[in-house]
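Listed below are the structures to be examined.
The following pair of complexes shares a single chain, chain A, combined with chain B in the former and chain C in the latter.
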Partner chain A sequence: MNASAPLLRIRGLCVDFPRGGRVLHDVSLDAAEGEIVGLVGESGAGKTLATLSILGLAPAPGRIAGGKIFVGDQELTQLDEEALRPLRGRLAGFVFQDPSASLNPVRRIGSALIESAMRHSGLSRKQARKRAIEALRSVELPEPESALRAFPHQFSGGQRQRIMIALALINRPPLLIADEPTTALDAAVQSRVLDLLKRRARRHTLLMITHDLALAAGFCDRLYVMHGGRVVEHGPARELFSQPRHNYTRSLLDALPGRRTTAPMRSGRPQSREALAAVRGLTVRYRGAAQAAVENVDFAVHANETVCLVGESGSGKTTIARALAGVIRAAPDQLSFPALGDDPPSAAVRARHLQMVFQDPYSSLNPRWPVERIVAEPIRTHRLCSRPEQKARVAALLSRVGLDPRRMNRRPAAFSGGQRQRIALARALAMNPRLLLADEALSALDIRTQAQILALLRDIREERKLALLLITHDLSLASEVGDRVIVLRRGRIVEQGPASRVMNSPRHEYTRELLAAQARWRRGSPRQQGRRMYTPGL
Partner chain B sequence: MRGVLKRLLAPLKASPQLALGAAALLGWILLLALGGLLQTHDPQLGDLAERFSPAGTAGHLLGTDNLGRDLWSRVLSGLPWSVGVATVSCILALLLGGTLGMCAAQYQGYPRTIINQLVDATLSFPGLVAAIIIVAVAGRGFWPLSITLGLLSWPVFARVVYAESLRLLAQDYVTAARVMAVNTPRILLGHLLPGLRPVLAVVFTFHFADMLVAESALSFLGLGAPLGVPTWGALLQESRDFLIVAPWLMAAPATAIALLVVSIHLLGDGLSALDRARR
Partner chain C sequence: MLAGLAQRAARLLILLLGVNALLFVALGLAGDPALMLAGEDPTPELLERIRAEYGLDLPAWQRYLVQLGRMAQLDFGVSIYSGQPALEMALEQLPGTLLMAVLSMGLTLVTAIPAGVWIGQRPEAASRRLGAALTAVAQGIPGFVMALVLIQLFVVRLGWLPSLGYSQPAAWILPSISLGFFLAPKLCRVVSAGVAEAMQEDYIRTARANGASMRFILWREALPAALPAAVALIGAQFAFLVSGVVLIETLFLWPGIGLLLLYSAQNLDFPVLQAICFVVAVLVFAVNGLADALLRLIDPRLRPATQ
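Then we have the complex of A and B:
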């Protein structure tokens, strides 16, 4: 670390919102030149707000109520909008979570880069073009000259994130702020983008926001843990990870996959041979698509077992789930429910046999309906009980998933993400299904919430002898909870077998790559030691 | 009784916009009901001695026209016709376009293709020609005019409802309902329709204004209101010849249209705001 004053110094920063009161409390943070500083915490902890406030970008009614912010020698909180604007591009570059949302889809890559260089660095068009090509080269984008003429949609997600990094760095700001830069990317791409950031960071100060503590610990030099708008703990990443002092940090660490106690999720009992759902040569092709979304997939889910379907985005996991649930029509000979007899079941029978929980708890509950109506929807549709009993039934379900039944008149907006996922679970359980599909049901949740929902799923699974089909992109989660793991790639199964076997001696090259990529920057991951590191092909 | 009243008034308290819109609507309904009593003169009978009196002249609040007829009374007597035609045609267009738009979004394949072709066909048809044909066959008057306008303008609703329905039907809560084997009518009425309300409120508002003006175009061609009924459209048309000498002739009906549209807009906007607040 630098002996002189660190490049970025935040001292006692407070941010107020007129209605919400104080949202950031006395946040202090240092980041020296060439240092990678991680800001970790759950959603709503104030990480993003703290970094946006550095350049006076706190969202509208928010206001800096106290504290000082220095970048180099410049104090920023006293400057007005006029004075800040020219500084923004020069002092700091931003990289956001979703690269497709932060690049204007109707502008060529070049025009965004060149304009930024002209405006903030005062270059001529020709110089700016040269600088743009340089910037694209520095983020290792192939053929930077032709990339300038291309539109954002012509690039993959990982490439778009590289372009965002180029855009953030084009004016050579001393400070680079990356807000969950790899959360929206697949594991392999994620590790390559992180490699790039790591190399770039040597010449900048990198402030990285992430909810992924394992990643932060493996990637950053120093960490600040935020909770409820406060910095609760900070220190060198290694130290903080091995000897957390604050209870909150400890609870975060305890929720990490591999550390939390979820092992009993596995049934451990000899499997019943009764298949609840069987897929034989399932092939789904969307209209107009050149390639089948799912091709020739075979597997079965038996009573009382947990099967994990693992794959990156576009691997066909969701398509399989939708075919099983009957949302997408599959050929009758490709999909059967042996437990229900030989004939294809009616929609109602299938619905009572199999239910689903979705990834996004914000879109899976109708925002206009009170919770009671949401949970009662299946009960009413299938007339599972009489009208007067309905309320008691809903209340019982809500208490079972750990929610206060007295809140059943509220709408989903009154609940947090984890609570909404509990509501969705209650709705699925109302049908008393034997097989529960969870389509990335945990991936939108904070790590501690994830652990809680996982524990709840485990209990309910035990209690009701449910079979679970867990769909996830997260191999470590799959290995943690699954009896069997099925690895998918581009709509085909590349490997399937008992979870421990797939994790310990993966047979397919792709599984190995996936395991390595997920472990690459993560500390404390069971696969990090002793395994050949996946070398990113650039 | 008190409880019912309280529940009805609660949303008004929550949204000042909605309260304002509701108050304005109440005002218009009163005007509609009491129109005859509030007219100070016979709307058809003019006094040539008083022709072209500007707005604010004693006895003529909004002035008089080229035949010395009282404009205030004429605007009031045109109100039922104008509002009636716009309301009926809008509701017809809403029902037709909304239903077809929802169906096109839900039922892929033939129904979608047919409905979308129908929308294109209706839009490509010159509206005026169609109106002339329909009115020539059905005769003129309130109902033929309203129905003609409705039949010609439903694609506006169909297009918007179709697009918004596609978005809403892709939401996970709709998929969840399908997984629960909830039948399609229930999904359309329970999940889709409430979600469409904010969009419908906006389109309805703008469309209402369009219909007020469209009625005037048809009346001008002699296809709308019977001669002599001073609909707002007709008043606008008449005023055009005297725009320089008597600008108030245009200002009065134009302001009336604007005020009515703003009232409905406030109401629609207030409803959407309420809907957002509930989420």
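Then we have the complex of A and C:
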């Protein structure tokens, strides 16, 4: 083997799908020993397919139509399933995005690890068990021995991802492929898992897929940018980030929070003193839970302002949203809507004035209904206008959110994630609400789509003098769009204030930790360019 | 744990009371056993005497309470016909029924699970579609029709197998197959649906990425994920299976609890009927409890948190 040849070499890889035609076009990629290579691009760019193809794991009808793949000096595209199988896990280990879905819920952690070790390395069960404990220890999982007997649901998301990493590395493959390994995790957990990957990567070649360009630039040595099944640009991470050559790379960079060319949303002035929604000492305790999900929370949202609720999962953000929407009943003295009159509003009145947009644009729209019916649903329920008018209303709403009204007869499947979120927004606006509640409505979107939807939200908010309550785990997003930011932790507000103040001089230790965790490994986020308030290695 | 057991015991008690009350009403509508006992052309005096002897002359609510009190001591009375204690008669027939139940359940498991796994592996493939269609057809055939076809073919036409009793193992074959038809097609469909669903999950991709063979993936990754639904089905369908037992035992003259039930019902032998229903209710309840426990064993998410 040529000592200087990179460990992984992909040359001119093409992948075809019988119905979809060519999906990967002439993809070439190198990754040297000990190198961290990032594969960036939006969903559908072909990043995952390219890496799955290395060991013949492309989903069923997909077929390698051309090109060569080398790991070391072994060529892999000519091998059949039987020859490839023993190489999986041994030549390359995989870590996938969603650790809760990637581990079999009915199998013990130990059996997955031990069987994988026995399968490849010819170890006895006893030796394999020892190897499994070592592997769990190397990913810094506490009490590895008892972890072997546990099931996936007994671990947190971050721990599950550590277990996935242990599983990927248990047969000591030279190549580690991590597909969005931290996307499903909270910021603090994310940075710890990334720390771990970085440490482990020294002994492996790490190929990392991510849609987060700032993360890729801060974490990887070299980057490949993919778009539409092609590699459009590649080079050292630093260079690519500071001097992008391809237009597509540039557009990705421009969409980064803090760099977006769109004017910031933060310009709203509360129009009246009277709050649309006032939360006073809100406390919610779920049945059987030891701790209250939300405890003694105070805040208000006024017309024409954007308030961001920020916190990690389990901090009570969604519980607050559910209380506002009336899904959870809150005491009248804990939650009021002063702008809607003195009495607690009825469910119908509340629904007319308060509308929601949800996180997952795939599950929040009925797949069997045409878009017209989806958007018209609230109009029909509340009898806002006559049938003939309805169509015109829907058309107007769709064009307002940037969709072609002529497509109103199509079903959600015909639309992309970003377009679906526009549909959901149109549905929410159909009621002409005064308070719009967006629960992680931007989290599932690609960065450029996110920027577009954000701009749309801003315009609509200003146009209609809406009160906007944005729920997010992403502090940089909150700082970018919020007039005020409320930081939640374990159901309590730890800090609230004007967005710029919270970002620039956070008063609470937890806010500082969150900011540091988000900035760690990320390049170009506004906080990192300015002060470095975190201690590296934290 | 103790609270769980107490809750189960309470449920069993309610179930038995319900079954008993229902049966009491149904039997009251069925006819007068004194007429059956008295033979042809009974004199009114004879009927009086028989009614007095069996306590049939008391008002219904009194009879109900008396019977309830006896049942609390597991005393179901004696058979109107043989004079044997009713519970003893029912329990004597239980082994025959259990033998058939175990045989047909075993047969169901070894056919339906592999077939379900095979179909679920690639449900869109032509051969699997055919398999799924056949399963759907099989589900549509009532078990007793299948039994009649099998008897006609193997006993009457070919003369290969005996059709009566269970003294020789060769006679076990047809009843087990026929009874298996009550559950196997349903189980096969549940398993194939569960496996097909599991095969789409991310953790199957993880297993493939770790070099697991297709066989390992199907049996060790996908099937365990499909098992909870299968066990739940068996638990829920067991009572239905008991009705199948009555039919199949009747057709094959299999000396079991089903056959006894049939005779006793024809003869309005109330004490024996009561005893049989008691035994069956306890049996169904026990199987359901077993299924629940098994469910907890194979699906760790249902267990109470220990960590």
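In the analysis below, the second predicted complex is superposed on the first by the 517 of 538 C-alpha atoms of A that agree within 3 Å, B and C clash if a C-alpha of one lies under 4 Å from a C-alpha of the other, contacts with A are read in each partner's own complex, and residues count from 1 in each chain.
Going forward, contacts are C-beta pairs under 8 Å (C-beta built on N, C-alpha and C of every residue); 3 or more make two chains touch, one makes a residue touch a chain.
Note that the coordinates shown come from a computational prediction; the quantities given were computed from them, not determined experimentally.
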item	value
Partners on chain A (chain B, chain C) - clash or fit	clash
Touched partner set for A:327, first chain B, second chain C, both or neither	first
Which superposed partner A:348 touches (first chain B, second chain C, both, neither)	first
Chain B versus chain C as contact partner of A:427, first or second or both or neither	first
Partner chain in contact with A:291 - chain B first, chain C second, else both or neither	neither
Touched partner set for A:381, first chain B, second chain C, both or neither	first
First, second, both or neither for A:124, with chain B first and chain C second	neither
Which of chain B and chain C A:156 touches, first, second, both or neither	neither
From 76-84, 94-102, 166-174 or 238-246, the chain B stretch with C-alpha clashes against chain C	238-246
Chain A residues touching chain C - in the complex, by the definition given at the top	55, 57, 85-90, 93-94, 96, 98, 101-107, 112, 115-116, 119-120, 150-151, 153-154, 164, 167-168
Touching residues on chain B, where the partner in the complex is chain A	171-173, 175-183, 186, 191, 194-195, 275, 278-279
Chain C residues within the chain A interface of the complex	201-203, 205-213, 216, 220-221, 224-225, 227-228, 298-301, 305, 307
Of all residues in chain A, those that touch chain B in their complex	322, 325-327, 347-348, 350-351, 354-356, 358-360, 363-368, 377-378, 381-382, 411-413, 424, 427, 431
